[in-house]
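Each of the next two complexes has subunit A plus one more chain, namely subunit B in the first and subunit C in the second.
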Partner chain A sequence: MITAQAIFIGFFGVAAVWFGIVVFRTFSMVRSAIALLFSQTALGAMFLTMQAEFLGVLQIMMMATEMSIMAFFMVMFMMDPGGMGKMEMTHQKHFSMIAGVVAFVGAVAIAVFIDWGPIANTVADSAEQTKALGLELLGRSMLIFETAAVTILTAMIAAIAVAIKPIPREEAKDKA
Partner chain B sequence: MTVILMLLLLAVGVYLVAVLEAWITNGRFRLAAPVYSALSLLGRESIIPRKSDLLFFEVGPVLLLIAALLAAAVIPLSPDLIITDLATGALFLNAALAYILVALIMAGWGPNGAYAMIGGWRFLGQLVAYAMLIVMPITAVAMRAESLVTTDIVVSQAGLWNIIYQPLGFILFFFAAMGLAFLPPFDLPVAEGELAGGVESEYSGVRLAIFRLGRMVLIITLAAATVTFYLGGWQGPILPPWLWSAIKIMFVTAAMLLVGRFVPRIRETHLLAWCWKFGIPLALLNIFAVGILLVMIP
Partner chain C sequence: MSVELIWALITGAALFGVGIYGALSQTNLVMIMMGVELILAGALINLVAFWRYLHPDVAAGQMFVLIVMTVMALEMAVGFGVAIARFRSRGSVEMEEAAELKE
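On to the complex of A and B.
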């Protein structure tokens, strides 16, 4: 039986995929970034439909700022950020296609063949979920999240270092 | 029913904010001023700039309004007067407010105008400054309430309002909220005089009216959030709870608008430097202090 929940999950799923396609269909870097944002927002909405309130709201919140900042970096680094010149910005097309198909088949295979265990009939209420997540984050998952956080921080610092115009050694000596 | 009532109250609040803003900026108290400005905006032609990104141009102002309205949905005016009492209320508020940035970037990028675009990207820089000062004080508030539910947060202040329990958090949140609503002195994205209206500059007619309406809703939502998190929400003697909320919200709004009258516009670099060098360490200190208080006085 198709429930309202299933319809909504399907709707947001299709929306997520559609916006994902839009990312590569547009020439404008800002449009591309915002399309990716709405793809991720649709994923957050899927979490909400599946009654994972905290995860859904968190996903929707985090992506807004992350994708906006990404849009800014894309405008900084790309030669034709507005897509007005219809500049070709894709590369390694053949390799990308193969990689995309392999990743897609892999993801579908995992989704179909893995044993997901019994379907949960009842879901803990949202406040309980928040509490359980908090305990999880401060428990065995702490190392994973801390590692991810430090990795992202490193990437951020590296990105800024790349963005700064290097000062020639002679000038730096003069300044000092 | 509650939704309609809340929207009506919000509309009244927005009207009062518009009157208040006009009073504070040009010194004239005119109750009918918002009606005249609305009529004048709606009567004008809404020009679409040449070679604009039409999708962004149209979506920007509407998204601003929707994001502000969604944020208002989790703010309680009394124990029953709330659109949706989510288990993740305080987080949801942040999530909705994050889309203010998206709206401004879209509205800035869309019209294909230099001033608008600079305004939009300026707001992104502003976000990097204020965002942590919104989230971290709310963390300390949620720590005390042991809940993200906004009504629980109000109830947790029954004995002592958070403005006294964690004054540092209040000060940081108050100014960060002003930054989020791009109120003077943080009105960098719409700076008149240097950016000719910035993000607003290419908008006219009905689109500008929607943009300004969205901003008014945003201002009152942030004032309401300040009241919920720090000023005991609906709590107060004698008067009915919703009236207490309304009075406090108007008071906070007036305070936010008044600050801008006496302070010159801040520079983006200074804003970032102050927020990161002083704001974030202070916000961390606030979380630490509240943690100690909670352990010492259960």
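On to the complex of A and C.
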């Protein structure tokens, strides 16, 4: 049966995929970053439709920040950020297209032909979900959660170490 | 069989396919990272759909989503660090010009 939830999931799903395609179809890098932002926001809206309020809001907030930073980097690093010159920035297009289609068809076949078992029609309200998630993170899954925290710290240090301008050896010796 | 679950999984499959295309076809490091973001977005929607329609009583499903979101943020942070280092040393983040990394 088609419910309002199914209609909204379909609508936001089409929006997410459409903006995902636009990311690689536009020549302007800023438009590309904004299209990815819209795609991720549509995904967040899908989470909200699926009654995962906390994750939906988190997804939208995180991606808005992440894509704004990405847009800055696009303008800094691209040879033609405005896309005015319509530069071709792709390679092995045919192979990539086939790989993408095969991945899509394979995943759809799994989604459609597998028996997923009984479907849950009801879900706890958002306050209960957030409480259960908090208890999960600080209880049974604490080790995984803490590992993620240490990994973030390591990645932050690694990213800064890689990005920082290296001081020439002689200059470093003089400073010492 | 739930229509909502199937539509969510098809959306995930489509995002995964588009992401694969982007990650393999683009020559610029930042655009490749965008492809990887779409691949992870496909995984995210699947995880949320499985949690919502198959096991809404198990909070570990949401925890997995948080872990994937962490991976997305880390991929961006480290990717941009590498992009800055590459741009500083070679003046470009085009992967066609990075063949010497294979040697």
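One rule holds for everything that comes next: the second predicted complex is superposed on the first by the 132 of 176 C-alpha atoms of A that agree within 3 Å, B and C clash if a C-alpha of one lies under 4 Å from a C-alpha of the other, contacts with A are read in each partner's own complex, and residues count from 1 in each chain.
In this section, a contact is a pair of C-beta atoms (placed from the backbone, for glycine too) under 8 Å apart; a residue touches a chain by one contact, two chains touch by 3 or more.
No experiment lies behind these values; they were computed from the predicted model shown.
Of the two partner chains placed around the shared chain by superposition, subunit C is the only one that A:Ile119 touches, whereas subunit B remains out of contact. Of the two partner chains, subunit B is the only one touched by A:Glu53; subunit C is not.
Judged by the touch definition given at the top, the superposed model places A:Val30 against subunit B, while subunit C stays out of reach. Of the two partner chains, subunit B is the only one touched by A:Ala127; subunit C is not. By the document's definition of touching, of the two partners only subunit B reaches A:Ala64; subunit C does not. Looking at the superposed arrangement, the partner reaching more residues of subunit A, out of subunit B and subunit C, is C. Of the two partner chains placed by the overlay, only subunit C lies in contact with A:Ile9; subunit B stays clear of it. Residues 54, 58, 69, 129 of subunit A lie in contact with subunit B in one complex and with subunit C in the other. On subunit C, the positions that touch subunit A within their shared complex are 1-22, 24-31, 33-35, 37-38, 41-42, 44-45, 48-49, 51-57, 59-60, 62-63, 65-67, 69-70, 72-74, 76-78, 80-85, 87-88, 92-94, 96.
Here subunit A touches subunit B in the complex through residues 28, 30-31, 34, 37, 53-54, 57-58, 60-61, 64-65, 67-69, 71-72, 75, 82, 84, 125-127, 129-130, going by the rule given at the top. Taken together, the subunit A residues at the contact with subunit C in this complex read 1-3, 5-6, 9-10, 13-14, 16-17, 20-21, 23-24, 29, 32-33, 36, 39-40, 43, 46-47, 50-52, 54-55, 58-59, 62, 66, 69-70, 73-74, 76-79, 89-93, 95-97, 99-101, 103-104, 106-108, 111-112, 115-117, 119-120, 122-124, 129, 132-133, 135-137, 140-141, 144-145, 148, 151-152, 155-156, 158-163, 165. Of all residues in subunit B, those touching subunit A in their complex are 51, 53, 55-56, 86-88, 91-92, 94-95, 98-99, 101-102, 105-106, 109, 112, 121, 124, 127-128, 131, 147-149.
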